[in-house]
Each structure stands twice: as structure tokens, then as C-alpha cells.
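Here come two complexes built around chain A, the first alongside chain B, the second alongside chain C.
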Partner chain A sequence: MAGSHATFWQRIQQIPRYYIYLLLAAVVTWQILFPIALPILPSRVTQGVYDAIAAVPDDQLIIISTDWDASTQAETGPQTEAIIHACFQNGKRFAVMNLQPPMGVKLANDIAQRVAAEYGAEYGVDWCNWGYKYGFDNVLIALAKNIPKTIGDDFHGNPVTDLPMMEGVENIESVGLVIEITGLANVTELWIGLIQGVYGTPLAGAYTAVMVPSYYPFLDSGQLRGVLNGAKGAAEMEVLVKRPDRASAIMPVQSWAHMLIIALIIIGNLGYIFGRRRTTERPS
Partner chain B sequence: MWNSLLGIFHPAASTSALIWRLILAVAFSIALLVLLHRFLGPRGRRWLIAFVTFAGGLYLGLEYFLPVRGSVLWPTGMPNPNPDRAANILTPGIEPIGIMLSVVGAFTVGLGIYSLCQVHGRNVAQRRPGWHNSGAFFLAMSAMLVFGLWAHYLPDQDAPGGRLPWQESTYELLFGGIFMPLQAATFSLLAFYIASAAYRAFRIHTAEAALMMAAAFIVMLAQVPVGQWLTHGLPTTGPLAFFRLETLGDWIMSWLNTPAQRGIVFGVAVGGLAMSLRIWLSLERGTFFSEQG
Partner chain C sequence: MSLESATLWAAAIVTLGVYTILYRENPISRIFEHIFVGLSAGYLIVFIWAQNLEGKWWKPMVHEGKWYWIFAPIVGLLFYFIYSRRLLWMARLVMGLFFGTASGYFFRQFFPIFSPQIYGCFKPLRADASIGWGDVILHNWLFVIILLTVLSYFFFAVPHEGRFGRNLGRSALLGRWFLMIAFGAMFAYTAMARISLFIGRVQFLLNDWLGSLIPWFAQRGT
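Presenting the complex of A and B:
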């Protein structure tokens, strides 16, 4: 079909994939080197996450469940960082924890340490890391009833009961908000089924962009207070906390990569429509 | 009697009690397995698996649906060990069962490592094509295992000049310098495949496909600042505001995507219920009994 007798319309349906890879690499490189920065407007779903953090009472803490790893860190890393900024700026205490995959707890710990240093926040007083806890639903069921007993030791191997911020923290009643940051399906459903649905603990999420459409029913029902939608959601949160960083830097790249994909789809379809018309018009 | 039986699942009071429990548990498990292996044929094993599956499902189902009381265990009137949570006679067993499931789940890690070593070990031993990749697996696994454990159990100490001990810096190099970038790079390659696949596969053969493409374009553009910029000239309030791409994208997600997602969730839930019933009643033979006919 793409031989010497192929028409122009047929040929543009058959662009070799290496050219497409090269084009995409060129667009990405162009926007990394010479970004065209455009304003980022926070959406209502991102604003929902920020408002949920700001609304947490001072005597309650926030759980940030960082269930992500290096494969999705381009989206979930900046989300975690922006959320931690929001917690510190609003003076909220938080605990990082991890259900799966175990790598997330270390990556999130590195981010939290770096951001905490910017605010002069102290480990154990303003924030802590509960570490990786194996057992998914069993962990959440037990966590709701007795946090110190369920968590046991923190990320550094010290009893959580030794941390000043854990004083008075007994069960899920001590938690004012859970934020689930993940690239995995079905983790949020556990939090909804076992914690939010049973105890009414507010819940917010931060997901890779491809996952977000699945969670709109929970936004609609009010079970999720807000959602960070991929790197764009992280960039919007960076705008809200006035700390433009990695996600904001990704936005020009993502903008023009999306434009390229749209242009390629249009080109392919023009070839399809006009190539077909020409074939049907040709006398047999 | 019931509560004292459940007591064996709670943490041991002392190290010696823990050791005794471990010895007894291992001896009991071995004796049970030997007896079952000796006296149960394939048919008997089938019935045993079916019975355990049914009993487990029945226990959890009954615990959920039976009435609960706060201070006593329904219907016996025995005192509730945890009065904060309304319970029935079966509730105290839920936590030990959860622990048992976690322990059984942990065995799958060992099973996974065993299976990987078996497959890759065979490749290396028989010098099959690509055997060096299997060799790389053993090298990587050993390095991460040795330095990961070594760094973890290293006593905390202030290294001179703020430098990490060499075991820990080796682990950091393996984890942060090799494993993480490899994982991120592998996932990043998807962008190239998606661009190529979208160009090749997305053809408007039908009116429905055209509608889907229009919706996809709007959502894709709403997802990036350049999309918002394209319609930034439209007012932010009034009827025309609806046609700003970010508003239109949100409308598609909230009003078109949400009901569709709900439908999918309901469908999956009904399917899950049917599948659960089949597994509970051991009607789903493919999983457990396929090799035994």
C-alpha cells in the first residue's frame, strides 16, 4: 500500500513509527530547552484537595498514603511535594504511610525531608513517617481502631508512641483527612470502603491522569473531597501553594506533546477520509 | 473456650513462649501435612479444599450479617472483649483470620522468588538463548538483597564528613542510581508507543468514533495549559463560559464519564458477586482442579 504507487493520502496514513518517535522526542526536547510557559488555572477538583487540607482541625492529623513508585513518579512525585507544601503552609501535622508498593515510602520520605527543611519543620513534631505496612485491608481495619498498635514502629524503626505528635492519637477519630496518592487501581476503594464509608473520615486523592476518570463518581458523591489529576493537578497545586516547581515545568512539555498527538490523529484521519473517497470515486 | 482458643493468635507474652509456640506450630503443620498426604487421594484433597473454601466464606459472611451487640457477644451473652465495637459470637475471630491471611500472603513472596530462581536457573544451567539475561537477574537480586539487608541492619552511626557508610551508599547507588531510573525510563517509553498507536489506530470509521474523538480532543486539551489558552478569550461567567475548554472538559468528565463509570462499577460488582459465589461453592473448577481432571 505504501509502495511507489501509493497516493499522497495513503502515504500519510503510513508514516513510519520511527519518524513519530523522533517527532515526539524533538517536541519534548524543544519544550525542555525553550519552554513556552502558559498560565495554569487551578481546577475545582484541585481546589477541593487544598480546601480539604486547610479545613482539617488543628487537633487532628492528616494521613498521606504514598502508594506509588518510580514508574509514576513524574506525576505522583510532584503531587506529593505540592501536598506536603500545602500541609506545612496551613500548619497541619501529617503522617506519611505506604500500603503498596514499598518503594513509595522511601521516595516520599526523601521529598518530605527536603520540604520540611524549607519550613524548619521537625520530624516527630510536625510530621512523621509510619513506613510501609503490609496487609492492605487488614491494616486499614486495624488502623481505624488503634493507630499506635497497628503502626508499631516508624520508618526509622522507632516506636511511634515516642513521637511527640502522636500524643493523644488513638484511632481514626484522631485523623482529619486521608490523602491517597497512587498510580495503582483499587487502593482508594479500600480507603472508601473501610475508612471513609464506615467512619466518615474525609478523603482526597492524587492519581495518575489515566486513572482519574474512574474516580469522578466518588467526587460526585462527595466521598472524595478533591482530586489531583496527574501532573496537571500537581501543577495546579503548585500554583495554589505558590511554589512553581517540577510539575509546572512539565506543563509546556505535556502541552505540546498533546498537541502533536492530536495533530497526528488528524493527519491520519485526513489520509483515511480522502484516501477512501479517492478509491470509491475511481472507476472499477 | 472460644476466646482461649483465639488467644493463641495473640502476641506471645515472652520469648520462650514464642519459641514453644513456633515449635508446636511447625510440628503440628508437618504432622497434618504428612497425614493428609498419606490418607487423602486426589478426590479427598478436592473435597478438603472445597470444604475449607466454603467454611471460610460462610464464617466471614455470617459474621457480617449476624446481629451485633455492644457489651455482649450475640447470641451467647458472653462479655465482649472490645466493647467499643458491636460484635457477635464470630467477631473475635476476624482479627486472627486477618493475621493468618497476612502470613499466608507473605509466603507468596518466597514462592515468587523460588519460581523466578527455578525459571532463570534452568536458563543459565542449560545455556538457553538469552541466558545472560537470567544471569543478570541473579546478579541484580543478590546485590540488592545483600546490600539492602546490610544497610538496613547497619547500626546508626555518624560517618566522617557526613558521608554514608559504604554499604549504605552502595545500596543507594543500586536503588536510586540504577533501579529507579530504569523503572522510570521503562514507563516513559509508553509515551512513544501511545503517540504511534493513537496515530495508527484512531480512525473515524463511524459517527460514534467521531464523537469519541471529539470528546478525547476536548479532554486532552483541557488537561494542559495550551488548551486553556486556546479559549482564554471567552468570558469566565455567563453562557459562553461553558465553551471554555477546561469547563467543557470538566463537563464531559462529570456528566458523561461519571454515569458511564458508575455503570461499569455496577457491572463489575455484579460480575464479582457471581464469581465469588462460584469460587465459594467450588464451581469455578479451572483454578484449583484443572490438573486433576
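Presenting the complex of A and C:
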């Protein structure tokens, strides 16, 4: 079919894949250098995350479980940053922690330090980092019953009981919201199965776009208060906290890249339909 | 060259090196892939020690007199008897312990995870003071129709023959279409996620790396 007798429609199905990659890279580069801005409107599910943060009582803290690493940083990094902005803007204390993979707690720590400096927030008073805690189910079951004993030392190796914001924090009753930011499947299920479903602690999520369809049933059932949907969710959160940043810069690029992919899908399908028609019409 | 500048250059070279895989399989992308795997493994070991084992196991055992923590690694090392035919039973002891624990955790989590979703399927099909007819038809009726037709697709006990069977077959066909639409949406989300990651790397290359050399690039797109 790919020989000299191949028709135009057959040939456009045989485009070498690296030409398509180059085309995509060209569109992405063009839009990063010369963006054509499109409006970003916060969706109901993103608003749900923001409202859940705003609704946390002042005597309770928020756990931000940053279970992501460099491989998903383009989506989860801006999500983490926008969520931390929302916490500081609403005057909520939060603790960063990490179940897996461990790199997330360092990357999130860098983001939290940078954002805290903007608000003049102090480590140990307005926010803290509980570090990487290995053991999944075991950690969450123990955390629900005794937070200081389960966490032990913070990210910097100091006892968490020495931090002023940990005064009065005993068990999961001291937590007003858990936000799970991850590119890993099944971590949210642990929080639901061991914390939200058992103790009723509100839970919200921020996921890579690949994962989001799997978590819509949890939104519908009320187990999740809201979800940030990949870079789009991060951009919407940036709009809500009035801090347009990397995710907002991604969105116009993403839209144009999607248009290119849609065009390629249409061309490929036209090639398939007309190429097949020609083959069946041609006498053998 | 400052440390920050060296980090930027290293990240840019690694990013470009890994992306050479898009042309074809080659030693450069392989080298960077192996470096990434090695670094991740090393980082994991250091982090498990620094953030967990040192504080939770080593300090209590060595400095606080909790000598019985010495038994924890001994139990863990029993796993390695899997390589001995004669002492395999000792490895089975700890495996059994872990299987049992994992099963217990799963049973504990099952109902909190799934029961609210089962309750959530029972939606009102008539308008009342809390919900209008528009929402009932758009959300609840559509939800229930999709739920039942998709469930009928997975109902294999009745052949699609006879009056009931043929109707079940029609419902299953509709369910299959709904499944295809759902899979299409999920695949679109996958494409969106992959493109986001790619944009993130191109942003780094243009805004951060090239921007460190030519300020014009740093100002674009952010």
C-alpha cells in the first residue's frame, strides 16, 4: 500500500510519526512564545476544592498529601502551588506530608517555602512539613489515632511536638481537610477507606488528567469535595486565588495542541475511509 | 559556572537526551533513562533511612534502650529464605503474615470506599422541592439509563434470544456505546495529561534554560 501506487489518502496514513512530533513541538513552541490567551473559567469541581479549604474551622489544620514526583510535576506542581496559595489566603494552617513517591515532599517543600515567603508565613506556625512517611495503610491507621506519635520528626528531623502549630493536635479530629495531590492510582482509596469513610474527615483531590475520570464517581457520591483536573484544574485554581502562573500559561498552549490532534485525527480517519473506498473500487 | 546554572544545563541536556527516543531507540536516551532509574533508587534508599528508619527504628533501638526493635529486620530478612528449598517455610511465615495483613486492610477499606457509591446510584427520578425536572432528566435519568444499560452489557447469564434476550441484547448494545464514549473521554484525558507534561518540559527549555541565556525567552508565555 505504501508503494508508488499508493493514493493520496493512503499516503497520509503513512506519515512518519516523528513529523507529527515535530509538528506538535512547533505548535507548542509557537504558543509558548506567542500565546493567544483564552478565558479560563473555574469549574464546579475546582470550586469545590477552594470551598472545602475556605470551610475548614480555624482550630483544625489541613493535611496536603503531596504524593507526586518530577515525572508529573508539570501538572501536580502548579496544583500544589495554587492550593498552598488558597490555604494562605484563607488563613488556614496546613501540614505537607508524603506517602509515596518520596521526591514529592522535597518538591512540595520548595514550593511551600517560596509561597510562604510571599505571605510572610512562618514555618511551624502557619505551615509545617511532616516529611515522607513510609507504610501507606499503617501510617494512615496510626495517624488517625495519634498524629504526633505517628509523624515523630518533621521533614528537617525535628520533633513535630516542638512546632507551635502542633499544639493541641492529637488525632484525626484535629484535621479539617485532607487534600491528596497525586499522579499515583489507589492512594486516594487509602484516604477514603481508612480516614474519610471511617472518621468523616473531608477529602479533596488534585490529580493528573489521566487519573481524573476514575475519580468522578467519588465526587458524585460525595466522598470527594472537589477535584483539580490536571493542569486545567491548576489553572482554574490559579484564577480563584488570583495568581495566574505556569498552569495558566499552559492552557492556551494545550488548547492549540488539542486542536492539532483533533485535526490529525480527522485527517487520519478521512484517509482511512477514502483509502479503503479506493481499494474496494479498484479491480483486482 | 554557578550551581544553579549547572543544574539548568544538566536538566536541559537530560531533557533533550531523553526526547531523542522520539526519533528512534538510541544509546543516549538509554543512558539518561538508566541514570534516572539509578538516581530514583538511590534517592528512595536515602529518604527511607533519613525520614523513617533513622527516627522510627535506629534511634529508639540504639539511643532509647528499645533493644527489641532488633527483631524487626530479622523478621524482614526471613523473606530471603525463599532462595533456600530447605528453609523456604520460614519465608512462607512472613509472607503469610503480610498476605493476612493485606487482606485485613482490604476488607476494612472495602465498605467505606464502595458503599457510598452504591447508595449514590439510587437517585430520585421525579422532581421535588430540592430538584427540578430539568436536572432530574439531564442528570438522574441519564445516569440511571447509562448505569442499567452498561450493567446489562456485563450480564452474560442470559443468551440474547427470545423476547427478553433480544431486548437485553439491545440494552447491552446501547451499554457498549456508552462504554465506548466513556473510554474515548478517558483516552482524551490521557492525551491531555501527556501534552501537559510535554508543555511543561518545553516551558522549561524555552523559559528557564534558553531564558537564562537570552532574557527575551524568559519573558515569553509566563
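In the analysis below, the second predicted complex is superposed on the first by the 282 of 284 C-alpha atoms of A that agree within 3 Å, B and C clash if a C-alpha of one lies under 4 Å from a C-alpha of the other, contacts with A are read in each partner's own complex, and residues count from 1 in each chain.
The rule is simple: a residue touches a chain if its C-beta (ideal position, glycine included) is under 8 Å from a C-beta of that chain, and two chains touch if they have at least 3 such contacts.
Small disclaimer: the values here were computed from a predicted structure and weren't measured.
Asks: Using the superposition on chain A, decide if chain B and chain C clash or fit.
Replies: clash
Asks: Of the two partner chains, chain B (first) and chain C (second), which one does A:A209 touch, if any: first, second, both, or neither?
Replies: It touches chain B and chain C both.
Asks: Under the stated touch criterion, which partner chain does A:D220 make contact with: chain B (first), chain C (second), both, or neither?
Replies: It touches chain B and chain C both.
Asks: A:L264 contacts which: chain B (first), chain C (second), both, neither?
Replies: first
Asks: By the touch definition at the top of the document, which applies to A:P35: first (chain B), second (chain C), both, or neither?
Replies: Touch partner of A:P35: chain C, not chain B.
Asks: Just chain B (first), just chain C (second), both, or neither: which does A:A54 touch?
Replies: neither
Asks: Classify the contacts of A:S43 with the two partner chains as first (chain B alone), second (chain C alone), both, or neither.
Replies: first
Asks: Determine, under the contact definition given at the top, whether A:A116 touches first (chain B), second (chain C), both, or neither.
Replies: Touch partners of A:A116: none, neither chain B nor chain C.
Asks: What is the contact status of A:Q73 with respect to chain B (first) and chain C (second): first, second, both, or neither?
Replies: It touches chain B and chain C both.
Asks: Touching A:S255 in the superposition: chain B (first), chain C (second), both, neither?
Replies: Once the two structures are laid over each other on A, A:S255 reaches chain B alone.
Asks: Taking the two structures together, which residues of chain A meet both chain B and chain C?
Replies: Common to the two interfaces on chain A: residues 17, 21, 24-25, 71-74, 103, 134-135, 137, 209, 212-213, 217, 220, 230, 232, 254, 257-258, 261.
Asks: Which stretch or stretches of chain C touch chain A in the complex?
Replies: 22-23, 40, 43-44, 47-48, 50-52, 55-56, 105, 108-113, 116-117, 119-120, 182, 185-186, 189-203, 206-207, 217, 220-222
Asks: Taking the complex as given, what residues does chain B use to touch chain A?
Replies: It is residues 82, 84-85, 95, 98-99, 101-102, 105-106, 175, 179-181, 183-184, 186-188, 191-192, 194-196, 198-200, 202-204, 213, 217, 220-221, 223-229, 232, 246, 250, 253-254, 257-258, 261-262, 265 of chain B that touch chain A.
Asks: Can you tell me which positions in chain A touch chain C when the two form their complex?
Replies: 17-18, 21, 24-25, 28-29, 31-35, 71-75, 77, 101-103, 105, 131-135, 137, 152-153, 155, 157, 189-190, 192-194, 196-198, 208-210, 212-213, 217-218, 220-223, 230-232, 245-246, 249-250, 253-254, 257-258, 261
Asks: Enumerate the contact residues on chain A facing chain B in the complex.
Replies: My answer: residues 15, 17, 20-21, 23-25, 38-41, 43-45, 69-74, 103, 106-107, 134-135, 137-138, 141-142, 145, 209, 212-214, 216-217, 219-220, 229-230, 232, 235, 251-252, 254-262, 264-265, 267-269, 272-273.
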